[in-house]
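One structure follows; several queries about it will come next.
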Amino acid sequence: MESKVKSLREIVAEIPDEGAHIALGGFAITRNPVAFVFELIRQNKRDLTVSQIVAGLETDLLVGAGLVKKIQYSGGSLDRFGRLERINEAINKGLIDAREYSGTSMALRFLAGSMGIPFIPAKYLLGTDMLNALLEKKDDAIRVERSPFDGERYVYLRALQPDFAVIHAQYADEKGNVIIEGPYWDVETAKSAKKLFVTVEKVVSTEFIKRNPEKVVIPSLYVSAVAEVPFGAFPCSVYRFYDYDKDMLKEYAEASKDESKFKEFLQDYVLGTKDFEEFLEKVGGIRRLNKIKADPVYGY
Amino acid sequence: MESKVKSLREIVAEIPDEGAHIALGGFAITRNPVAFVFELIRQNKRDLTVSQIVAGLETDLLVGAGLVKKIQYSGGSLDRFGRLERINEAINKGLIDAREYSGTSMALRFLAGSMGIPFIPAKYLLGTDMLNALLEKKDDAIRVERSPFDGERYVYLRALQPDFAVIHAQYADEKGNVIIEGPYWDVETAKSAKKLFVTVEKVVSTEFIKRNPEKVVIPSLYVSAVAEVPFGAFPCSVYRFYDYDKDMLKEYAEASKDESKFKEFLQDYVLGTKDFEEFLEKVGGIRRLNKIKADPVYGY
Amino acid sequence: MSLPYTTNELMAVTAARLLRDKENVVVGLGLPQIAALLAQNTHAPNLTIIYEIGVINPEAEEMGVGVADPRLWYRAEHFTSFVGTLGSILQKGLVDVGFLGGLQVDKYGNINSTLIKTEKGIKHINGSGGAADMATWSKRLLIMMRHEKRKIVESVDYLTSVGYLRGYESRREEGLPMPEDVKIITNLCVFGFDEETRSLKLLSIHPGVKLEDVLQNTGVPLEISGEVKFTDEPTTEELELLRNKIDPQRMYI
Amino acid sequence: MSLPYTTNELMAVTAARLLRDKENVVVGLGLPQIAALLAQNTHAPNLTIIYEIGVINPEAEEMGVGVADPRLWYRAEHFTSFVGTLGSILQKGLVDVGFLGGLQVDKYGNINSTLIKTEKGIKHINGSGGAADMATWSKRLLIMMRHEKRKIVESVDYLTSVGYLRGYESRREEGLPMPEDVKIITNLCVFGFDEETRSLKLLSIHPGVKLEDVLQNTGVPLEISGEVKFTDEPTTEELELLRNKIDPQRMYI
C-alpha cells in the first residue's frame, strides 16, 4: 500500500519558492498549523497569497516574517490574548494587499471550491464596507447580481481553489483519511485546495479509521500528503490532545506588538531552530508539554 | 425540558389532507420511512408532491395508493428485487406529473434549500433529455445560464424547501438530535424542509448524544418532531439494526406488478391494520423480525 | 428588593430577558454567553446555543478565552463547520438572535468591528469574523457595548455589520432581509430603533444612571420625549444563578 | 495458457485492466464492483472505491443486491451523503472512472437509463440515479452492457447520460467537460470512439466471437478497417482471484 506520509520538510519543499497561494486552517488559537508555518519561514517561501476564514497565530507569524503578499480573510485574533498585530501593522502600512470578507463569505468560497461549482449566491456582504472595498479593488471573486429566480440582489461568491491548503488535525492514516475531534470549521478550506497537506498529532492505522468511520471528516482522496508533527499547533490548543500554552501565547502577543521584538522571537524560535522538535525543546521540552496535556474527559 | 417526541399518528395528522409537498429520505430499500408512509395512506393525505433523490419502496407504495399528484426524483428501484412498478405505471399512464432529474441535481436542490441560498449552478443535466423535458414543461426550478465569472453554461438549480421532509434514522433524543449510522444520503433532504419529521428505531437520552456528538448528523434545531417506530423501515434495511426481509420484498415486488394485487397488498397490510405494530404482527411478529436482526460487527 | 449588583450583571440580565424559550442564538464569549446561559437556567430552558466555529449546545464548566477555546465545547451535542453554522443554520433563517459587539455602532445600528480612522491613518484592529454574517440573517440583533461617545457615533468609520443601513427601508432596498428587532445594551442604558426612521432611540436607562450621563456619552443626538424609563433590575434568583452557577469565577460579571 | 473462463469473467478482467493504480472510481453493484475489486487485488492496490449513496472504500465480504445493501458498506473508511460523493468528489473532478450501464447506448456513447419507447407508448423502467452525473464529470467512462441490436442503437430513446452527445465537439459546445476516454465493454467486444468524429469504433472482439456476431447484434453500422484484434484473455491469477476471493459465491461471474 502506498503511504502519503512524508516529513514536514519534504512537504514544505513541494511548495514553490515564490508566489504560492496557500489556505490555512487555524482559527485564532486552535488547531493552527504552527509547525508548518515555522517550516515555511525556514524555507523562505515568499510572495505568498494566504486565504483563511478566521486568521490566527500562524497567519500573524507568516505575515510578520514578511512572506505574505496578499491575504483574503475575515479578520482574526489571539482571542483574549491579543490581536494579530503583525497583520494589522502590515495592513496599516500598506505592506500587504488585504481583501477583507466576512467569515461566511470566505467559508462559502471554500465550499464552492471544494464542490467544484463556479460560485455561490448569498446575501452576505451586502451593504458592508468590505463589499465596497472589494468592488473598488475590482476583485474578480465578487459580483453583485440579481438571481434569475427571485430577482433579488445577491453577492455571487466565486469558488476558491487555492494551490495548497494546510490544516492541523488530530489523526490521519497513511492513506490520508483525516479525523478531526471537535468542531471542524476548516474542512471546506481543506477540501477546496488543489493539494491538501495535513499535519497531524498522530498517524494511525487504517484499522483505527475503519473502526471510527464517522469521525473521518476528510476522506483520503482529498489528501496529497500527511506529516506527523506531535504538538504541531503549540502554543495553540488541539482538542483532546493539549491545551493552549498561556505563557507562550502571552509571550507571542507581547513580542508581536513591536517589530524588533517580533524579529527576535522569529530569530530565537523559528530561524534559530532546525526543526519544530528543537523549538519545543528550547521552550522547555517535555516538562512544559506535560503541563498542557488534555484531560481525557474534558478534552483540554 | 421540552420533548419533540410524538406518536406517528400525531405527526402525520399535522400534514394537511390535501396538497402537501413532502420530501422522502429512503433510497431503494434502505432506511425508507415505510411506517410513516403506511400512516400517510391510512390518513388518506391526498394530492401530494413528493421530492426525493433516489426513490424506493415507500415512494412506490404512496404512488400506488393514488395519493401522489407530482413527483420530482431521479428514478429508483427495489435494487435487485425489482422496479418501482407503481411509479412506472403511473408515469406510463400519465397519472402523475413526473419531473425527472439526475440524482445529484436533486441532491443539490436540497442542499441549496438546506443552506438558504437561492440556487446552485452546476453542469449536471446539460445535454440530457431530463433537461429538455424540464424546460419543455417550463419547470420553474431550472434555468440554463452562463456564469458571470467564467462565461460557461450551467444549469442553475433552484433551492428546494419542501413543506415537510421525513427520514427514518437509527436514533434521536427528545430534543431532536439525530444519529445516522452508515451513509447519510438523506441529510440535505432532511435539512431542506420547512418541517422535518424523523422516525427512529430508538429514542435515546441526550446523555447518549453528548457522548457521541460526532455521530449526530442533524442537530436538533432542524427537527420539528420525532416518532419512535421500531422496525419502521421494514421490510427495508436499517444499518446496525436489521437486514431487509427478502421474502417480504419479493412479495411486494410481485404484488406491485399488478394493480389488483397491489390493491390487495394495500388492503391487507396497510388499510387493514390500525398501526405499524399490527402490520408487523400480521406478517409474523417477533419470530420474523428476530431473523433479520443485524449482527453487531457486520451491521446487517 | 434585590441584592446589590454590578453593571455587567445588569447587562447580562437585561440581555437574558430578551431571549425567549426555544430560540436559537449565536453567541460569542463573555456577556452574551453569560446572558444565554442565564436565560437557559431561567425562562428559556430550550434555548439552543451556537458558536460559529462549529459547536452546538455545549455545557461548559469553565469560561474560556474565546470561541476557539475547547473549554467552551464541553459536552456539545453536535460539531460542524463554519459552513454548517453560519453558512447553513444562520442562512436558512434558523437563528433568532445574534449577539454582536464591536468598535463602533452608529445611529442606524450599523457596526464597525474592523478598524478605526485616526489622524495618523487607518488603525486596523480586528475584522468582522462571523459578526457581519449574523447581522445579515439573524431575526433579532442584540448589540452589547461599552458606552462611550467615540463608540456610539453618527456614522461608523467602516461598516462591517449592517443594522438598518441608512435608516427607513434602505436595508431592504439593499437586498437584505429586515430584522424583527435591533437593541443595544450598554453599561448606561438600552437603545432601540424608531419603527419608521430606524434611528437610535433611548428605551431605558439603568437604575442609578442619569439621563445627562447618557446624553453626554453618546455621539449621536437623542430626542427624549416624555418620561425616561428605568431598566428593570435583576432579581435575587438571577443574581444568585449568575454568581453561583454561571460565572462563579466572576470572569465577566 | 489460461483456464477456461466465462464471458462475465472476461468482461470483469477487461474492465479491471482499464483501471490504474491510485485512481478514484464510482461503481455500482455487479461486474463494475467485481472489476474494481480485481484491480485492487492486482495492479491497483491504491484504488479508491466510491458508492454514490455515501460510502468510500468499504471491504465487503459478501456481494449485495445494490448499493443500498449494507453488505456493501462493511469496513468503509468514510460515510457521507449524496452531496458528499457525486455533489462534491465527482464535481470537483476527482473521479477518474465512472462505471455505467443502461437500457440503451448510442453511437456517440450516450446512454438511456430511464425508458423505452414502444408502439404502445412509453415504458418507464428506472431513472438515471447518479449515472447521468457520473457521465457529466468522470474523466473516463466505462460502459458495461449486454450486446443486443436493440440496446446498441443509432439514437437512444431518451438521453440520460451524455457520452459524446452528437459527436465531434458537440459535448464541449454544450458546456460539458470532455472525458479523456469512453469505452463500452459488452459480452461480445470492446468499443471505443473515434478521436475526431467521436462515433463508435470496434476495438477488439472477445476470443471465440465472430466479427459477424458483433455486426449483426449491433444496431449501428460499424466500419471495419484492417484486422480486428482480439480482447486479451484473463490470466490464471486473475481468474483465481475472481473465483476464490472476490466472488466466491459466483453471483456475478
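Per-chain numbering from 1; labels A, B, C and D assigned in written order.
One rule holds in what follows: a residue touches a chain if its C-beta (ideal position, glycine included) is under 8 Å from a C-beta of that chain, and two chains touch if they have at least 3 such contacts.
The structure displayed is predicted, hence computed values, not measured ones.
With steps allowed only between chains in touch, the distance from chain C over to chain D comes to 2.
Number of steps on the shortest path from chain A to chain C, with steps defined by chain touch: 1. A separation of 39 Å divides the Cα centre of chain A from that of chain B.
Look at where the CA atoms of chain B average out and do the same for chain D: the two points lie 28 Å apart. Multi-chain contact residues of chain C (touching two or more other chains) are listed as 76, 79-80, 83, 87, 90-91, 137. Taken residue by residue, chain B touches two or more other chains at 117, 122, 152, 154, 214, whereas all remaining positions touch fewer. In summary, the structure contains touching chain pairs A-B, A-C, A-D, B-C, B-D. Taken together, the chain C residues at the contact with chain A in this complex read 29, 51-55, 61, 64-71, 73-74, 76, 79-83, 86-87, 90-91, 113-114, 121-133, 136-137, 158-162, 165, 171, 174-177. Every residue of chain B that touches chain D in the complex is listed here, in rising order: 27-30, 53-56, 73-77, 79-81, 83, 87-88, 91-92, 98, 100, 102-105, 107-108, 110-111, 122-130, 152-154, 182-188, 237, 239, 243-244, 294, 298-300. In the complex of the two chains, the chain A residues touching chain D come out as 1-2, 114-117, 175, 177, 191, 206, 209-210, 213-214, 216, 219-222. Chain C meets chain B in the complex at residues 21-22, 24, 45-46, 48, 56-57, 59, 75-80, 83, 87-94, 137. The part of chain B that touches chain A in the complex is made up of residues 117-122, 140, 143, 145, 147-150, 152, 154, 156, 158, 181, 214-215.
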